[in-house]
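Per-chain residue numbering starts at 1, and chain names A, B, C and D are given in the order in which the chains are listed.
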Amino acid sequence: MKVSVIGATGYAGVELLRLLKNHPKVEVVHITSESQTGTGIENIYTHLNNVYTKKLISMKDIDLIAKDSEVVFIALPHGHAMAVGKAFEGKNVKLIDLGADYRFKDTSIYEKWYKVDHTHKDAKRVYGLAELYRSQIKNATIVGNAGCYTTASILALAPLAKEGLVDLHTVVIDAKSGVSGAGRSAKVENLFTELYDNLKAYNVGGHRHTPEIEQALSEFSGEEVVLSFTPHLIPMSRGILSTCYANLKPGVTTQMVNEAFEKLYKDEYFIRLLGQGGYPATKNVRGSNFCDIGWHVDERVGRVIVLSVIDNLVKGAAGQAVQNFNIMCGFEEKMGLEGVPLYP
Amino acid sequence: MKVSVIGATGYAGVELLRLLKNHPKVEVVHITSESQTGTGIENIYTHLNNVYTKKLISMKDIDLIAKDSEVVFIALPHGHAMAVGKAFEGKNVKLIDLGADYRFKDTSIYEKWYKVDHTHKDAKRVYGLAELYRSQIKNATIVGNAGCYTTASILALAPLAKEGLVDLHTVVIDAKSGVSGAGRSAKVENLFTELYDNLKAYNVGGHRHTPEIEQALSEFSGEEVVLSFTPHLIPMSRGILSTCYANLKPGVTTQMVNEAFEKLYKDEYFIRLLGQGGYPATKNVRGSNFCDIGWHVDERVGRVIVLSVIDNLVKGAAGQAVQNFNIMCGFEEKMGLEGVPLYP
Amino acid sequence: MKVSVIGATGYAGVELLRLLKNHPKVEVVHITSESQTGTGIENIYTHLNNVYTKKLISMKDIDLIAKDSEVVFIALPHGHAMAVGKAFEGKNVKLIDLGADYRFKDTSIYEKWYKVDHTHKDAKRVYGLAELYRSQIKNATIVGNAGCYTTASILALAPLAKEGLVDLHTVVIDAKSGVSGAGRSAKVENLFTELYDNLKAYNVGGHRHTPEIEQALSEFSGEEVVLSFTPHLIPMSRGILSTCYANLKPGVTTQMVNEAFEKLYKDEYFIRLLGQGGYPATKNVRGSNFCDIGWHVDERVGRVIVLSVIDNLVKGAAGQAVQNFNIMCGFEEKMGLEGVPLYP
Amino acid sequence: MKVSVIGATGYAGVELLRLLKNHPKVEVVHITSESQTGTGIENIYTHLNNVYTKKLISMKDIDLIAKDSEVVFIALPHGHAMAVGKAFEGKNVKLIDLGADYRFKDTSIYEKWYKVDHTHKDAKRVYGLAELYRSQIKNATIVGNAGCYTTASILALAPLAKEGLVDLHTVVIDAKSGVSGAGRSAKVENLFTELYDNLKAYNVGGHRHTPEIEQALSEFSGEEVVLSFTPHLIPMSRGILSTCYANLKPGVTTQMVNEAFEKLYKDEYFIRLLGQGGYPATKNVRGSNFCDIGWHVDERVGRVIVLSVIDNLVKGAAGQAVQNFNIMCGFEEKMGLEGVPLYP
C-alpha cells in the first residue's frame, strides 16, 4: 500500500514515520514540509539516520502525491487540512487527517472553538476513534483522526454514557499531558528550563478538545453533554492521563460499572482494563498504541472516577492513524502496532 | 528562641533545618533520629556540610529536650507524635507537629482514616493553617500543622465556602504532587527509573488528606462537606497543584468570586492572587512559602475552577510550621520565610 | 527457535522480553525468578499486560529449561551465571550471559575486580561484542555479552587502537549513564528525589567495566592498555554517552582518523558514523540497538575526542544479546532489532 | 549601597535579583532590558510577584543609572559590556560584568575565541574569581566575573597547578552543565522535548571557556597551559560538574594532593573539600554559592581525577558576582549568600 505523509516534520508526523517504517504492508512514497522542502527528513531528525531517509517535497505537488499514493496522512496544524482535502476530491485517495478539521459533524462548532471558517463542510468524513466508530471508518474516504486528550477521555467515559450509568451534567475531566503535545515550535514557554520541575494548567474552560468530547458523549447518550475539561502540562515527554469524574445515577453499583466496561471493550486489543481499583500509569503504554483504563466507584461520595492513559503521540495521534488505516484497508487492526511499551 | 526538631532526617525535617538556619530569632538545640542516633545530620544530608552540623540524639531524651527547648517541632510519621505530645505535658514547651496526629477536632475521624488509636484525645490542639486559624494559633500550645495537599486545597476553596458561593456537594479536587511528598524510604515504586517520564494517580477515594479538607470546609460553611479528592504523582521534586471544581450557586458572578478571594486574602503576604484567568505554576513558588491562586469562572458549564500551588515541603510542611511558630512566638509572620522562589 | 530467560525480572531481563516478543524466529518457553517464582511477569511489570504473560519458574528447574530450550539468556547479577553455565554443560544448549562472568579471557582479572572466585574457568567462552568478535560468536556455545559502558567505549576506541593512531597510555574515558543502569533494587540513593536535578560521578578509578575495556583495547593494539574510566549518573532513564580522549600519535591527521572508522564500521548496520565534528545524542538511539559515533580531531591540543552513544538496555544489554543470538543461530543480524528509536 | 542591574531579564540577571533581594546592605535602584523596556520584571518572571516588582528601563539611560548607582552589575551577552564599560568611564561607579568582555588580560585571546573586536582594551580590569584573585578584586573598578564552567574547573585544578603536582600538558576537563546555562532564548534545540531524557556534548574543542581556564592555570603554574575542555548538556535545570584529569608528576602522593587542597582552601567558606574519595553532587549545592570538591588519586593509572560542582547560576554567575561585590565594598564575603542548598 503506497502512502504519503503531508506535514512530516512535527512530532506526530515523525512518529507516524516510525510506525509506518515497520508496517509490513506500507511503502511511504512522499513526505512533505513547506518550510524545509528539499531537505532530508534525517537531517532534521537525526535519529532517523540510516533508518529512514527521504527528501521532503512540497505539498503543492498535489498531483504527484495523488498519483503515487493510495492513502495520504495529513499531519498539519488545524485549518490547513481542509484545503488539502478539497484538492484531493475526485482523486481516489483516502485521507487520514491527524488534525481537527474533519472531526466535527457540525462544522459551526468547529468554527466557534477554532475561530476558523470551515471551507470543506460537505466533505464526507468519519470521526476516527477506532474502537467506537470502526464500522464507519471501514468505508470512509476521509477520516478525522481523534485528538489526544479526546481519545483518552472518550474511551474512559463511553461505557458509562452508553449504558446511562452516570449523570452527564456532572462530568469533570482533569487531564494531564506530557510536553510533546505542545509541538516542536520554538517558544520560551516550552523551553526545558521553564517546564522542568514545574507543573501548571492551561486553557481552562477553553481547550478545543472539549467540544470533541462533548460531541461523542452526546451521541452515545442521546442527550446534550456540556462538561468541564482542564488540561495540565506535565514535565515529561509523552503520555496523557485523563482523570474523569461523574456522579453515579441512583442504584448504580460497582458491578454495573464493571460490566459496562467489559461489554464495550472485552474484545479490544488496544484497550486494557485494569478494573475497579486499578491504577494506569503513562509509562506502561509509552511508545505503544494501548489505552489502559482503571476506575474507582466511590460510594462515600456517589461518584465514579475513571482513569485512562495513552501515549499521546501513538494512540493519541500516529498510532490511532495507523489503526484507522488498517481498518480502512482491511488489514489486521494491530498490524504494525505490536511494539511492546518501552519500560523503564 | 531555643527550638528542637524531633524526627529531623525526613525531607520535611531537613527542610525545617534549612529554614531555621537563617531565622534570626532561632537557635536549634537538639535534633533527633531513632535509626541514626549519634550520627551527624551532615553525614546523612551532605548538602549540610559546613552549614548545619549537629549530632542526632534519641527522642527518648525527652527531659533533656524539654529542659533546653522553648518550642519543639515534630516531624515524625503519623501515629508517633501523640506519645511525644503526652510526654511533654506540663513541661512548658510549645509543640508544632508536622504530622496528622493533632489535626482533627474529632479524633474518631482520625482513627477511621488512619487506622490508629488516638492516645491523646484530650490534648488542647489547634489546626495549623496559619491564614485561616491565626487567632487560635497565637495562643496554642499544640499546633497540628496542616497537611500539604490540604493546605493547597483549603486555601483554594475557603473563600468560596465562607461566602457560600458554591454548592459544596459538587466539590471535586484533583491534586498533583512532586515526589518529595512520598518521603525518603527505599521502595521500588519510588525509584527514579519507575517515576521518571511517568504519571499516575494513587489512593483514589481513600487519601487521608480528604477528611482534613472536609473538616475545614465544613467549619467554614456550616454544612457537612463530603468531597472527591484524587492525588497524582508527578515526575518532579517539589510542588503541589490543586485543581478544584465546584458548581456555582445560581446568580453567582465572576465579580462575586473575585471579591471573596480579595476579602479573605488581600492582606496575606504568602497568598498571591492571580485572579480570574490566572495560571499558577509550581516553579513560581519553589523553595518559598507562597501559595499562588488563580480561578476560572466558567459560565458555559456553571462551575468555578480554582487552581492553587505551593511548595509541598515549604508552605505544605516546614515553611508553614515556621509561620505558625512565628505566630505563636509573636514574631513577624514572614520572619525567616522571605527567600525568593528558586527559578528556573 | 525456543529460548528461555534466566533472571527475567531485572530491567535487562524485561527489555530482553520486549525485543524477543517481536522477533520472528523466537518462542520464549521459560522465564525465571528466584524471589518471585510462581508470579506472572505481567504482575511485576504491568506494562506487559495482554502483551507478554507468563509465569516465572525457578532456575533450579534446570533440566526442564535445558530440555525445552535451544538457547538460554542469563540476566543475573555477576557471580551467579557461572553455576548456571556449569549446570548446562553437556546439555546442548547455547548460553548468552548478559553479566560479567564470561567476559574475561584471564579469569584472575575477573576475580580481582569482582572479588568473587571464578568457578568455571575452563568454559569455552567468547566475548560478545558483535561487531568486533563476530566470527568467534558465530560458533560459540557460551557468549559473555559485553557490558554497557564497555560497548560504548570499545566501539569508540577500537578503530584507533587497531590502526595504531593514538597513544594508548593517554586514554581517558569519561562516561555518563542513565539511571536504568543501576537496576531495580530499592535503595535510597536511587530514589527519584535523590537523583532528579542531580549529577554525580561514582566508582572513580574502580568501576568493573575498566578491565573489560582494557582487555579489548590490549587485544586490538597488541600492547597492554591501562586507562582511566570514570562513570557518572545522569538524571534520565536510558542512554550512555562515552567521551573518550586520547593523544594522537605524531603525524596522524583527521583523514586518517576518518578512514579508520570507515574501514572498521562501513558495513555495520548498527553503527552510525557521524564523522569529524558530529555530535551523537542518547535520545537518537533510545529504544534501538544503534551506536552513534562522532569524533573531533583537535589539532590545537593534539588529541582526538570520540563520542559514542548507545541505549544501555539495548545495545548495552538486551539488544546486543539478541544480535549475538542472531549471529549464533545464523539469522540476519538485525532480525527483531529494526525498531526505530523512540523520539522525542 | 545602591546598585543597578543592566540586562536583568536573563536567567543570570534574575538570579542576581533573587540574591540581592535579601542582601542586607543592598538597594536595587535600576534594572534594564532593551527588548522589554517599560515592563515590570514581575510580569516576565511571575515568581517575583509581590516579592520583587520594578519597571525595566533602557540601558541607554546611562547618566541616570550612573547618578543613582554606586555599583552596576552587567548581565549582557558577551560583546555588549565593553560599550557600557566605556560609557561609565569617569563616573565613579564600580562595574561587575557577568559576561566575558573583561575576563582576559590579553584581549587578542578574547578576540580570537569570541570573534569580536575588543573596544575597551585599556580598561583596568580584574578577573573575578573571588577565592583566587581576592586581593586584586578588593581595589578593582571593573571586575570580569569568572564564567560558570571556568569557576568549577579552575577551583578544581588551581591547587595542583600552584603546587606543581601534575603535568599540565595532560589536563583533560570533561564538564557537564544543566540547561539553564543555555539561557532563555527560544530555540528548538533547547525545548523540553528535545533535551529531556537526552544527553550530548557540544562545542568540543571550541568552547569559549577553554582559554579562560588556560589563562588562570598558566598564571598559577608559570607555564603555558593548553588543555582539552569538553562541555555536555545534562537534562537538569541547574548545576555544573567538572571532571578534571591530569597525570601526576613522579613521586606525587595522595597526601601531597590532599595538602595542596587544604593549603589553598582551608579558610574558604564557599569551598567544601570532600577529600580523597569524595563524590560531590550538584544537588548538594543547588541554589547556594558553594563549590564542593573531591579528588581521586588513582595510582594504577598515575592520574588524579578532581571532581567539582557548583550551581552554575550562583557560584557560576550571580552568587560569585555578589561575592565579588562584597569584597569590593568591604562587606563580609558571605553576606547575602548564606542560604542553605535546596534539597531535595
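Definition applied: a contact is a pair of C-beta atoms (placed from the backbone, for glycine too) under 8 Å apart; a residue touches a chain by one contact, two chains touch by 3 or more.
Computed from a prediction, not measured in an experiment: that's the story for all the values here.
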Chain whose average C-alpha position is farthest from subunit B's own: C
CA centroid of subunit B to CA centroid of subunit C, Å: 46
Rounded Å distance between subunit C and subunit D, as computed from the means of their C-alpha atoms: 38
Whole-Å gap between the CA centroids of subunit B and subunit D: 37
Two or more partner chains touched - positions in subunit B: 11, 180, 193-194, 196-197, 235-238, 281, 283, 286, 344
Chain contact graph, described as a line, ring, star, complete graph or other shape: complete
Touching residues on subunit A, where the partner in the complex is subunit C: 11, 14, 17-18, 21-22, 45-52, 180, 196-197, 237-238, 269, 272, 274, 281, 283-287, 290, 292, 338-344
Residues of subunit B that touch subunit A when the two form their complex: 170, 172, 174, 176, 178, 193-194, 196-202, 204-205, 226-228, 230, 232, 234-239, 241, 243, 245, 279-283, 286, 296, 298, 300-301, 303, 305, 307, 309, 344
Residue ranges of subunit B in contact with subunit C within the complex: 11, 179-180, 182, 184-188, 190-197, 235-237
